Amino acid sequence: MAPAVAQLLYLLAAVCFILGLKWLSSPATAVRGVRLSSIGMVLAIAVTLFDRTILSYGTIIAGLAVGGAIGLWGAKTVKMTSMPQMVALLNGLGGGASLVVGSAEFLKSELLGEVLPVDVSITIQIALIIGAITLTGSLIAWAKLQEVMTGRAITFPLQKTVNALLFAAAVGLSAYQVSVPESVLWPFYVTAGVALLLGVLLVIPIGGADMPVVISLLNSYSGIAAAMTGFVIRNEVLIIAGALVGSSGIILSQIMCKAMNRSLANVLFGAFGATATQSLKSAEGLTVRQTTADDVAVQLAYAQSVIVVPGYGLAVAQAQHVVRELADLVEKKGGTVKYAIHPVAGRMPGHMNVLLAEANVPYDKLLDMDAINAEFERTDLVMVIGANDVVNPAARTDPASPIYGMPILNADQARSIIVLKRGMGAGFAGIENELFFNPKTAMLFGDAKKSITQLVSELKAL
Amino acid sequence: MAPAVAQLLYLLAAVCFILGLKWLSSPATAVRGVRLSSIGMVLAIAVTLFDRTILSYGTIIAGLAVGGAIGLWGAKTVKMTSMPQMVALLNGLGGGASLVVGSAEFLKSELLGEVLPVDVSITIQIALIIGAITLTGSLIAWAKLQEVMTGRAITFPLQKTVNALLFAAAVGLSAYQVSVPESVLWPFYVTAGVALLLGVLLVIPIGGADMPVVISLLNSYSGIAAAMTGFVIRNEVLIIAGALVGSSGIILSQIMCKAMNRSLANVLFGAFGATATQSLKSAEGLTVRQTTADDVAVQLAYAQSVIVVPGYGLAVAQAQHVVRELADLVEKKGGTVKYAIHPVAGRMPGHMNVLLAEANVPYDKLLDMDAINAEFERTDLVMVIGANDVVNPAARTDPASPIYGMPILNADQARSIIVLKRGMGAGFAGIENELFFNPKTAMLFGDAKKSITQLVSELKAL
Amino acid sequence: MRIGVPRETAAGERRVALVPSAVARLGKLGLELLVEEGAGTAAHVADAEYSAAGARLVPAGRAAAEADVLLGVQAPSDAQVGAMREGAALVALLQPAGASALLDRLSGRRVTAFAMELVPRTTKAQSMDVLSSQATVAGYQAVLFGASHLARLLPMLTTAAGTIPPGKAFVVGAGVAGLQAIATARRLGAVVSAFDVRPVVKEQVQSLGASFLDVEAVAAEAAGGYAGALDEAQQARVHAAVAGHIKDMDLVITTAQIPGRKAPRVVSAAMVASMRPGSVIVDLAADSGGNCELSRPDEVVVAHGVTILGPTNLPSTVSHHASVMYSKNVLTFLEYVIKDGALAVDLEDPIQGPMCVTHAGQVRYGR
Amino acid sequence: MRIGVPRETAAGERRVALVPSAVARLGKLGLELLVEEGAGTAAHVADAEYSAAGARLVPAGRAAAEADVLLGVQAPSDAQVGAMREGAALVALLQPAGASALLDRLSGRRVTAFAMELVPRTTKAQSMDVLSSQATVAGYQAVLFGASHLARLLPMLTTAAGTIPPGKAFVVGAGVAGLQAIATARRLGAVVSAFDVRPVVKEQVQSLGASFLDVEAVAAEAAGGYAGALDEAQQARVHAAVAGHIKDMDLVITTAQIPGRKAPRVVSAAMVASMRPGSVIVDLAADSGGNCELSRPDEVVVAHGVTILGPTNLPSTVSHHASVMYSKNVLTFLEYVIKDGALAVDLEDPIQGPMCVTHAGQVRYGR
Amino acid sequence: MIETLVASIVLFTLATFLGVELIHRVPSTLHTPLMSGANAISGITVVGALIVAGAGYGWISQVLGFFAIVFAMVNVVGGYMVTDRMLNMFKRKPGGTN
Amino acid sequence: MIETLVASIVLFTLATFLGVELIHRVPSTLHTPLMSGANAISGITVVGALIVAGAGYGWISQVLGFFAIVFAMVNVVGGYMVTDRMLNMFKRKPGGTN
């Protein structure tokens, strides 16, 4: 194959990656995005195989077969709930590959006694360090998520200083390696070792819940490592694809942090500061699952049946108009929305009626408890908006509870439950609500009106 | 200057252009965007001057001085209302520059008897053709906007065929030129002439109101011409900047078309089909100015004082809740919103009160005619929502009008007026309303609820 | 020139023709205002407010005798007419259609009389349009009146003591009063439907969030935006549609009128019988014949368990604001007809002309 | 076991203790239902509906004599008590506080009497809570009643006859009735403010779109979510704040109550005098002493031009829905106390205990 | 030679994609300034013009180069100035929270 | 040499900008699939691995190349498959208008 043709085909592969990434970020086109991106990958591999004067196909075929088989098997067998750790593992391997390629180039030149150009040397060192950090860092992330090791932040005194020193050491050794023309190998091994250690140390102080951000960041690193490899072997598709992943990965990490209302710095180094994470645990130590508006918006967009359970908080927030707007949007997207009115929701008889009538919610969508309770279990999504006591399962199960015996709305029977309230405040009865700790429940904290306004704009953007 | 340094500085210039373009597309950063982009330009020029072994600084200094002075003078003296034609003119010159540079390279090689590589030849031809089309096309656009020639579409029989033939001729001659090694000049001159003619012919069938789209498209062309020049002289910043402008210009043309609810094809070739543009002219031949939701949203975001004039159309559209939401948003952005209630707005006494009370608009924002009429002239923006007779100046000026003598809201005295209605339908009194033809007025057509919902999401996105 | 504001003499009339703010405005035009003592009491306006606004208080009965222009809400009593000066003017709701005796008496005293209900329903005259302003009040009050007679709640309420479904209200005749009734019933949370014979009204009804009872091929739009009478076939279709609809209604407000005719009969006795006991009908057309067969002017009729109210002067029960609005209408009219401190009667004027029922010893109404 | 539903004998009482849907539910439990002829007439429930639901119609007066459990809205007449069987049960609003004679008579006949107003205000008992259900109706009706007595319009209206500003309503005591009054006045378009001595109520008032009259350092929250009495300094501050606020009000609804005491006096005669003529006060506490100094139970007092209404039984004017809700409460109570077709009296029960005023010949109330 | 051509094509392609992604939703008030700003950037041909004019291959190059520089410079200077003037029309109002 | 380095830097810069612009607002449900998809793309090192392994410079290159290929292939194949599986979880519901 003529080099020019190969380069153009590489360019085509790069275009596949570009469009693939773009499409991946919208629900409607995501599937198409992966497909196109994988086509690009096949193309890149094929071009490489045909283009270069490959001397030993044996190793290559074996490698491709073994790697492909493992990947296939892993992807088929992994459980849906273990996806994040799977991605961590795959990412680590990607970093490992860069590390190995860099090492191979380096060792080859050393063995052949070649003197590498400075820029190649530099980029080899960068690929090496980043690849190593990605490898061990990802493995730690995997271990934390898989609960092979504790998900808690692991800190020790002077941790930041140690990390900084190690990083300086790695950089220093690399510089030494590059500047010394004669063939010395020890700085190379030490650099690799230090970088591998650094990967471990950088990730252990980060809590298990923040791992997705870390993985995304490491993913970005492995992109950069790939790009560096590209510099080394002068290959454009590696540079482009690597840089793409490098920058989009950082953006994605930032988006993820924003969705958690944190900064990237806070995620990465938060464990060293005051651990100000609010405790959202029940008396029995259960924790609630927090969610974000864009997430709920996607759920709403895909839910076929939605029930809104309004409560006193809806009235306090004066969210009746926006709720109506949200419901209209959901219906436009093809879902149905009903309102489940508990007889004592709010603070006066008919409180919810007054509000929802003001917002012109059609009367036939307001169903009282008896009319709607059987429907919950057939419902995709329940949105509990500022209600608390009226959906508290303790009324059914806990004879000691002051609300024991009060009939409640069966919100807990729905397939998925979203609760909108400001925090973990109790309702009128002043008691804890185990519904919030239900694994099917996700909490969207904030003033109900603000939250719903956000939901509306997220849903519109989808 | 070392070539590598020059190239890196060119890259920096390209980055300036990238960020400059990006920032230009948001109101908050636009000013910064132009500045950065112009810094990039200065950088690119400086690098060129220092890098190449410039033999004759005389011509260059003279050229820079003359061109800069003309540009400065033109930009300072042009009237704000003539901006579009100014841009057309500048764009034409840009295309002209590409044409001249291409010609110079071509003539040089012919004179020196050099044989150009095929790719350079090809790109020279492309630069030539596109540059020529841009030059004359832009000049025609300028002439149409400046009303030097008629703004109407100029068509003649077989126009499309002629254009196609001319285009084929230009391409054919170029191909011939490239493929014939010996020095012939006539195909070059003929190609240039045909392309210049083509520029004229392509633009004359397009109506004056669509010129901005055409200019944007020609701007995109001149970007491509610049990129081709870059191919010719092997200069990266030319390629990058040219491609950037080339693609973003096309996107911008599309956005502009979308804002006019047209397709690009319809704009370019619309004159040949049935001219289906709806007539929005008054009996006296005045035309209304149509606007779009994103435009109104920007105005709302920057208006300090807004008065909403609701009318019967608001009731018909049941837009009371969304109006309230829009007003809340405007106030959040720092503007004030008041409602001007005409005594006979709607179809029953107090019609507007009923609706706005339902949407919980605070009573102190509802001002009756006597209370608010003096405020209009101090108001940045009036939004007339489904009102008609109550803002019809004929009541003041036209004794023959059935509404003569009825006091009206002085909406026409505001600095800017937006009217939301479905079309040019009359109100209760069944008469035409000259307010709609006021130069300060822009019409946002569509059901009021839909329009306002759109405004809300546009305003949120700003 | 003297403007006289009497204390209303008609039974049950609580409004007053001019309120102090209007008195002050007229005073600025150089007019002299005479207000009878106690004229505003029933409308909750004190004599002191009138004096403060610049009026001269006169004993009851004196306004008619002294005024050049006598105002009034309802027609003056015979005594008042007798006391009026020759050539004086009169502005009030004179109900000229059935009042030829009054008109004769007025022309006998060469009074220039303007009947406020005859103000043309044109855009320009809207601010003098007492029919609209008083109908607004009537439509609002009709719903309050009906709802407080109802043995049911109008809004939907989901409570620990069960769910109360929303009440159903039905408005017949969606003119000024009918639309206001729709709006008020909607405010109270009722599910509102309406019927009218003018098809343009459908959109107006819907613009208030109510539904419209469509009857095929019924349209009786007459000149000036008023309704006309229906032919027999149309009447039959309306009858069938209303009968089918009305039996589920809790509150029915009827406001149908055809100018110059007996009010159309829309609700028959059989329809009343089909309704649930405890429902309420408010017939605003009771004194022009009634939209409901069983309504009697100013009586509370209970038939088949349904309460049928026929109030004839609801605006008067909202005496204060009804007076404020009436006064604003009269003020606008006076400002229109008074030029340079004197009445400028112009029988060719598109507004004065139709309103003037007697002038220079002639009865003009009906000629 | 036989359940008896009498025709109410108290003057002006239009409600009925059980409506047909509840009759049917109890029938399913195997109980025999006796309903006096005409028991539901005033609540617009026909005898035929009761029979259709499975009740046996008995002549007036017979229910007391035949029933094992006699229901009622108000306390039974002496004759009814006399006719009751020994050991029978009674469920009604007995107003035990001022009714020791009645209680003695009931215990004399060994009647087990449950006073519905004594149902504890706990979450669990909410569906038996007649105070809440009837207060809901009263709060709604108080606004309609007040508004239709008002010489003004409540909603803001911008019309060709001038702009009517929105009416101002003030609700004193934001308990169940007060909150409903707030909601209803808001529906009608009034600008609503409210005052209560319990600070928690502020948020509830605001959640209905009304504003709260803040008085510094006033808080009197007693057990069970009820209010307590204020000390003198607090009282003085409240007086000053209310006096400053009330003079601009068009409609005042007072609902303040302190359990077991005379209703607090919130609106003084001087305050009434400061209000605009034509305004209206509706005092829902009139029969427990009145929140307004000038109110008289069931009378219309006009003082200083202000109309003061003191309705004592507003729920009865909304007879049908008030009965539906009352009946639902009673039904829930009966389902709670009846086990296997017989009354299971349990004086230790947290709900029955407080409600049972006489049992086995003993008066338990007040012991 | 062909190598540099391919490299140029790669650059052109990437920059084209970048141009597409850069412009998303532009309020129509910014359409003209954006167009004008982009137009100024397309004046980058001035670099080409400089190279042609500076190469000193004789009078044709000189003359053509001169005109190319003048044209391109008018485009550049005029374009930026005009854009700036347009943007000065909308200054942020004080007091907004965004 | 240095020329190609600069060319590589130019490419890297452009692609970096492009990466930044490509990702805008991603619903959080797509965060993991997107991350996983991007991760699969970073498996492009497989190209490097192939070149290293195929060059045939002796056993070290062979062995290291083999492992590099295996690692990278697992990353690529696993990455795409996993992403696809995740995306299959949300299929559009029928009847929606968007």
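For the reader, a short list of remarks on this structure follows.
The first chain written gets the first letter, and so on, giving A, B, C, D, E and F; residue counts start at 1 in each chain.
Operating definition for what follows: a residue touches a chain if its C-beta (ideal position, glycine included) is under 8 Å from a C-beta of that chain, and two chains touch if they have at least 3 such contacts.
Please read these numbers as outputs of a predicted model, since none were measured by experiment.
The fewest steps needed to get from chain C to chain E, moving only between touching chains, is 2. Compared on C-beta pairs in contact, A-D and B-D come out with A-D as the pair having more. Placing every chain at the mean of its C-alpha atoms, the farthest one from chain C is found to be F. When you average the Cα atoms of each chain and compare centres, the chain farthest from chain D turns out to be E. Residues touching across the chain E-chain F interface largely coincide between the two copies, over half of the numbers being common to both.
Between the CA-based centres of chain A and chain E the separation comes to 39 Å, rounded to the whole angstrom. Separating the CA-averaged centres of chain B and chain E is a span of 17 Å. Centre to centre, using the average C-alpha position, chain B and chain C are separated by 57 Å.
Shared interface positions of chain F, defined as residues touching 2 or more other chains, are 2, 5, 7, 10-11, 13-15, 17-18, 21-22, 24. Among the residues of chain A, those in touch with two or more other chains are 14, 18, 22, 236, 240, 318, 343-344, 349-350, 354, 358, 360. Of all residues in chain C, those touching 2 or more other chains are 126-127, 132-133, 136, 155, 157, 159-162, 164, 187, 189, 209, listed in ascending order. Contact annotation for chain pairs lists A-B, A-C, A-D, A-E, A-F, B-C, B-D, B-E, B-F, C-D, E-F, with touch applied as defined.
The touching residues of chain C, when paired with chain D in their complex, are 14, 43-44, 46, 126-127, 129-130, 132-133, 136-137, 140-141, 144-145, 147-148, 150-153, 155, 157, 159-162, 164, 184, 187-189, 276-278, 305, 317-321, 324-326, 328-329. The part of chain A that touches chain B in the complex is made up of residues 318, 321-322, 324-325, 358-360, 457, 460. Within the complex formed with chain B, the residues of chain D that make contact are 155-166, 189, 191, 209. Chain F meets chain E in the complex at residues 7, 10-11, 14-15, 17-18, 21-22, 24. Residues of chain C touching chain B in their complex: 122-124, 126-127, 132-133, 136, 176, 179-180, 183, 186-187, 203-204, 206-209.
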